[in-house]
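These notes are about the structure you will find just below.
Lettered A, B, C and D in written order, each chain numbered from 1.
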Amino acid sequence: MSDLTALSNSYQNWYRFSRNPTAVIGLIIVVVSILAAILAPHITPYPDHAGAFVDFRNRHQPPSWDHWFGTDNVGRDILTRVIFGLRVSLLLAFVVLIIAVPFGTIMGLLAGYFGGWTEIVIMRLTDIALALPPLIMALAVAAVLEPSLMNAMLAIASLWWTWHTRLVYSMVRQIRALEYVEAAETLGASKFHILFREILPNCVSAIAVKTSLDAGFVILVGASLSFLGLGIQPPTPDLGTMVADGAQGLPDYWWESMLPGVSILFVALGFNLLGDGLRDLFDVEDVR
Amino acid sequence: MTALLSVQGLSVSFSTYGRTAEVLKGVSLDVPQGAQVALVGESGSGKSVTMKAIMGLLPQPPARIHAGKIMFDGRDLLTLPERERVALRGTAMSMVFQDPMSSLNPVWTIEDQLTTILKYADRRLGRDRDRRGRRARVIEVLSQVRMRDPERVAQSFPIMLSGGMRQRVLIAMALLSEPRLLIADEPGTALDVTTQAQILKLLRDLVEAQGLALLMITHNLGVVRETSNYVYVMNKGEIVEEGPTAGLFAEPRQQYTRDLIAAVPRLTGRVAL
Amino acid sequence: MEFLAFLARRLAWSLLVLVGLSVVIFVIARVVPGDPARMALGPRASAEQVTELQEKLGLNLPLYQQYGLFIGGLARGELGQSLLTERSVNEDIRTTFPATLELVLTTVFIAFLFGVPLGVAAARWKDSWPDNLVRAFAIVAAVMPTFFIALLLQVLAGYVLQILPTTGRLPTGTDFEANITGLLIVDGLLKGQFNIVFEAMRHLLLPALALSLATMGQMARITRASMIDVSRQDYMEAARAFGVPDRIRLFKYQLRPAFVPPLTIMGLEFASLIGGAFVVELIFSWPGMAAYGIRAITQKDLNAIMGVVMVSGVFFVLVNLLIDVLVGLVDPRIRIRGRRA
Amino acid sequence: MTAALEIRDLVKTYPVRNAFGRVSGAVRAVDGVSFTIPSGGVYGLAGESGSGKSTIARMIMGLTEPDEGDILIDGVSVLGQGERAKVQMVFQNPGASLNPRRTVGQSIKVPLVAHTYQGDRKGRIGDLLDMVQLPRHFADRYPHELSGGQKQRVAIARALAVSPRLLVLDEPTSALDVSVQAKVIDLLEELGRQLGLTYLFISHDLSLMRNFAQTVGVLYLGKIVETGPVARVFERPGHDYTRLLLASVPVISTEEAAMRPVIPLINGEMPTAEDLMALRAGLNPKETAR
C-alpha cells in the first residue's frame, strides 16, 4: 500500500518532469556530456590529438566531414579536443561542488539553527566571501602559487560553499520557526535528529536545484580562468584555453574559438535547464 | 420587491490537471435592497467561490461558469460587457476583504491607496472630483469607520497600524464610492475576539445607518447571528437550507444544519441533546 | 531614526567585512608557500638582492607585524609600491580605476534599463510567448561565458559590420585628459566637448554590452519572479476588486513592492561584474584596473594584486551600502522597522 | 494529593532594544503567574494575543526558561531539566506541526526514540493510532494525504507516545471547522478519562473553554486577572477584562446573548480593553493610534 503510493509519487514526479521539455533537454545534455567525457578516449575520432600532437599540413582546416569542428593552428581535431576538454570542466565542477555543497550545507544548518555566535561568525564569513568574486580569488591564488587545476578547484571551492550556506541558512531560519521543529524539541528529540531528520530533508530540493545551476556556473568560472591563461596548463585540452588560443585567428579561423565557446555554453546550458526543470518540479522558491 | 442581488442557479466547475470538479451546483440566493444576508459554510463548501463569482474575481480558467445568472439591479453580470462589469466593481457593489495584514499594499500610504481607488471609481462614474475633493472624501470615510485620528491614519503606511485599524481601513475602502451592496468576507476572523467584536458592531452600525445591503460570507455561526437577519447554509456546493436567522437557528430543518449547530460550543455550557 | 540605525549597523558590518577581506588577502599573499621577494625578482637574482627586498617589504618581520604594517598602510590609503611599474600602487589604481568604474556603471545602467522591463513584460504576459522569450534569453545570457560574448561582439560589430570600435576608450591619438572625475562621458560633458562624449560612448558600447548581458538576464529573471510573487498577494486582488485599471495595478501596485529583490541582487552581482571586467577589459584592451590586475597577477606583483583586490572589495561594499539606502527609499517597511523583512 | 502541575510566580521578561540595538527597557510578557491543576483536571487559560499564554506554554515545555518562579510537575520542580517526558504538547496548527517530509509513523516514532522506548515500537505506533481512532495503516501516510482533523489526531497520538501525565493544548482546534473541532474535543475528553490525563487548555475561544475546562484563568498583559470555576467566572465575571471578553463572543442563541455582560460603549463603540480599564479608573480614554 505504502510502497504503491510512494511509487506512484515518484512516477508522478517523473511524469511531470518528462512533460517539461526544457528540463528533459537539460537532462539529456548533462547525461550526454558526462558520458562523452568519461568515454572520451573511445569515442573521439582522433584520440591522440588530445596531447601534444602536431600536423602542420592539416592546420586551420574549416569544419568538414573529417573534422566536424575543424582543426586548430597545429592541425589537431577540435572536436576531439573539445570532448577531452569537457573532462576538465566537469571534473572541476564535480570537485568544487563535492566540497562546497556538503560543507556549505552543514555551515548553513549550524548558523540557522543555533544562532548566536555560531551564526555571527559563519554569516560574516559568507559576507566577506561575497565581496570577493571566485574568479578573482582563483586568479590571485593561481598567481601566488602556480596555475593548476587543483589550485583553481581549491580556490573556487573555498568561496563557493558560502552560497550554499546562505541558501540553507535562510531556509533553516524559516523552517526553525515552524511548529514541527518546536514539536520535535518538546518531544525530546536530539539536536542531531532535528537538524538532519527534521530540517535537512525540507532543504534538499532547493539544494539540488542550486547544485545543478551551480555546476554550470563553476564550469563558466573555470573556463574564464583558463581563458586568462591561469587554469590547467597545455597541452591538456581545455575549453577556455582553446577559445583564447583560437581568438588569435579571428575572424578568419572562427571555428577555432567559436566552437569550443559554444561547447562551454552548451554544457552550462544543460545544467541550467536541468536546474530550472527541477525547480518547477519541486516548486522551490527562486534560488540564486 | 425584486432583490438587489439575485444569484440564480449558479454552477461552477474547476479543471486542474485534466480533472474537473463541480464546486457549485445550482446555487441560488437573494440579497434584497437594504437587507443583511449571511452565507455560511465550512471550508470547501463553496462560499468563497460564490463570492468571487459575484465580484467577477474568479480566475477563468481554471474556473468555468456553465450555468446560472447573477442579477444585480436587474442586469445579468455574467452577460454584461467587461467594461460595464468593471464599472460596477468598488462602486455599486464593493467588498470588505478578510485579511487586514495582507490586503493593503505595504509600500503606499493609506491615503495614496484610497485616493487611487477613488480616482478611478470617479472616472468610471463620470464624477468630477479634484485631488482635494478626493482627499476630503478619504478623510470623511476614515472618520465614518470611527478612526480617531483620520488625518494621521491617512499619512500612515499599513505596517504602522494595528490589525484592527487596518481592518477599518479595509471597510473604509469599501465605502469610498457609496456602494449599495457590501460583500464582507469573514472580516475580523484574523483578529482577537475583542477587536472582532468592535469590527462587527461597526459594520452593523454602518450598514444600518447607510441603508446598505450586506452579504456576509463566514464560517462562524455566531457571526451570522450577530450580523444578519436572513441566512443561507451551504454545503458541498449547494444551498442546503435558508431562512430568517433567528428562526433557522432555533429550528433547523435539515440534518446538516442541525449537526452544524449542535457542534458549536455554547457559552452557557453543554446543551442537552 | 530606525532607518539611520539600520544604515549605521550596515556600515559597521561593512567595515568588519573589509577587515576580514584584508585578512584573507594578507593570508593569500603571505602565508602561502613561496617567497614574494624571490618571486618578484625571479630565479636569477642574487641572495643579497632578495634579502634587501625582503627588508624593504618588511618580509623579515613576524607575521602579525607584517599584517600590522599592511593594515596600517591600508588605513592611510597606502597600498605600497608596485614591483612591476615601480610606481606606487595608489597611483596606478588612481589612473586605471576610472576606466573600470565607467565601464561597470554603464554596464549596470544597461542591465537595469533592459532587464527590469523585460522582467515586467514576462510577468505581465506570464506563460505566453513574451514570457518564454525572456526566460530563454535569461538562461542563455546567464550561461554565456563573458569572454565568449565579448569575442562574439567584437567579431560581429568590429570585423563584420565595422561600425563600432573594438579597442580602447577613445580613438588612438585623441588629445583629451579626463582630469575631473576620470569618467570620459562626465568630463566630456563638463568640458563641453561633445565629440569626446560621443566617442567615449561608442567605445563603451561593446564592452559594456558584453559585460551586461548576464546581469541583464539575471535582472529580468529576478524581476519576473518578484512581480509574480507580488501578483499573488491579497492586495493585488483587492485592487482589482476595486476596479483599479490594469496599468496602474501593474506599475504602481505591483512593480514598486517587487523592486526590492532586483535591487538587492544587483548589489550582490557587483562582485561578479568586477570579475567579468577582468576578462572584458583584456579582450577590448580597456585601460582599466582589471586589466592592470591581470598584468599584476601574471607578473606576480604582490602589492598590486593586493591593492586591486582590496579596491574591488571596497567598491563592492560601498555599492551595497548605496543599495541599502535605495531599498529603504523603495520600501517603507525597511525604513520604518529598520530591518529587512 | 499533589497537583499534576503547579506554576509559582512565573515571570518572563524580554528586553526591549532601541533602534541601535541597545537594551532600553523590558516587557514583562509573563508577570507573576501562579496556578495549579489537580491530577486529572482541565485548566483553561484564556487570553488574546500578547497576553503571554504562549510564553507560559513554552516555559512549561522547557523551550524557554523563566526569569523567576518555579514549575512543578507532580510536586517536583522541572526547571533546568532538558527533556520532560511527563508533559507533552499539542500545537495549534496541525498543518505545521507535522513534518511534511516524514510519514505519520516516523513522526510518532520521534518521542519513542528520544525517550528510548524499549518495547515493540511498531506495535506501539499502531496502538497509538488506535487510541486516536485512526486506522493503523495511516502510519505510512504523509501529512498532505490527511485532513486537518486527522493531522491533529496524529499530533495527539505523538504527544501520548511516551505516556505523559500532562498535555498542554495550545489552541488545538482553532484551525479546524466546527464539526471537526467537536470530534477532536470529544476525543480529548475520552482520552483524558481513559488515561487519567491532566490538561492545560490554552484558547481564546471562551465558548469552547466553557465546555471543556473546569477551572479558568483569564490572562491579560501577562497577569491572571481572574480565576475560578468556569461556570462561576462566566456567569458572574468579577473583572472588567473578563466581562469585555465575554461580551465580545459571537453567540448563536438568545440564552447565550442574555448571559453576556453589558459593556459601556465609548463613542458609540465597543471599547478596547485599555480604554475600558481607563474608563473604570476614572481616566479619559486616550487616543490609541499606534
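Heads up, the rule we're going with is that contacts are C-beta pairs under 8 Å (C-beta built on N, C-alpha and C of every residue); 3 or more make two chains touch, one makes a residue touch a chain.
On a predicted model such as this, the values are computed, not experimentally measured, just so you know.
Asker: State which chains count as neighbours of chain A and simultaneously of chain B.
Answerer: Both-contact set = C, D.
Asker: Which chain lies the greatest distance away from chain D when centres are computed from Cα atoms alone?
Answerer: It is C whose centre lies farthest from that of chain D.
Asker: Could you put a whole-Å number on the gap between the CA centroids of chain C and chain D?
Answerer: Here the centre of chain D sits 54 Å away from the centre of chain C.
Asker: Between chain A and chain D, what's the gap in Å when you average each chain's C-alpha atoms?
Answerer: Their C-alpha centroids are separated by 49 Å.
Asker: Can you check how far apart chain A and chain C are, centre to centre, with Cα atoms defining each centre and the answer in Å?
Answerer: Using C-alpha averages as centres, the distance is 23 Å.
Asker: Chain B: which residues touch two or more other chains?
Answerer: 160
Asker: Of all residues in chain D, which touch chain A in the complex?
Answerer: Per the stated touch rule, the residues are 61-63, 82-85, 88-89, 91-93, 96-103, 110-111, 113-115, 137, 140-141, 145, 155, 158-159, 161-162.
Asker: So in the complex, the part of chain A that touches chain C is made up of which residues?
Answerer: 124-125, 127-128, 130-137, 139-145, 216, 220, 223-224, 227-230, 240, 243-244, 247, 250-251, 254, 257-258, 261-262, 264-265, 268-269, 272-273, 276, 286
Asker: Going by the contact rule at the top, pick out the chain A residues touching chain D in the complex.
Answerer: Listed in rising order, the residues are 1-2, 5, 178-180, 182-190, 193, 197-198, 201-202.
Asker: Could you pull out which chain C residues touch chain B in their complex?
Answerer: Interface residues on chain C, with respect to chain B: 233-235, 237-245, 248, 252-253, 256-257, 330-333, 336-337.
Asker: What residues on chain B touch chain D, complex-wise?
Answerer: Listed in rising order, the residues of chain B that touch chain D are 42-43, 146-149, 152-153, 160-162, 164-165, 192-198, 200-202, 205, 219-226, 246, 249-250, 259-270.
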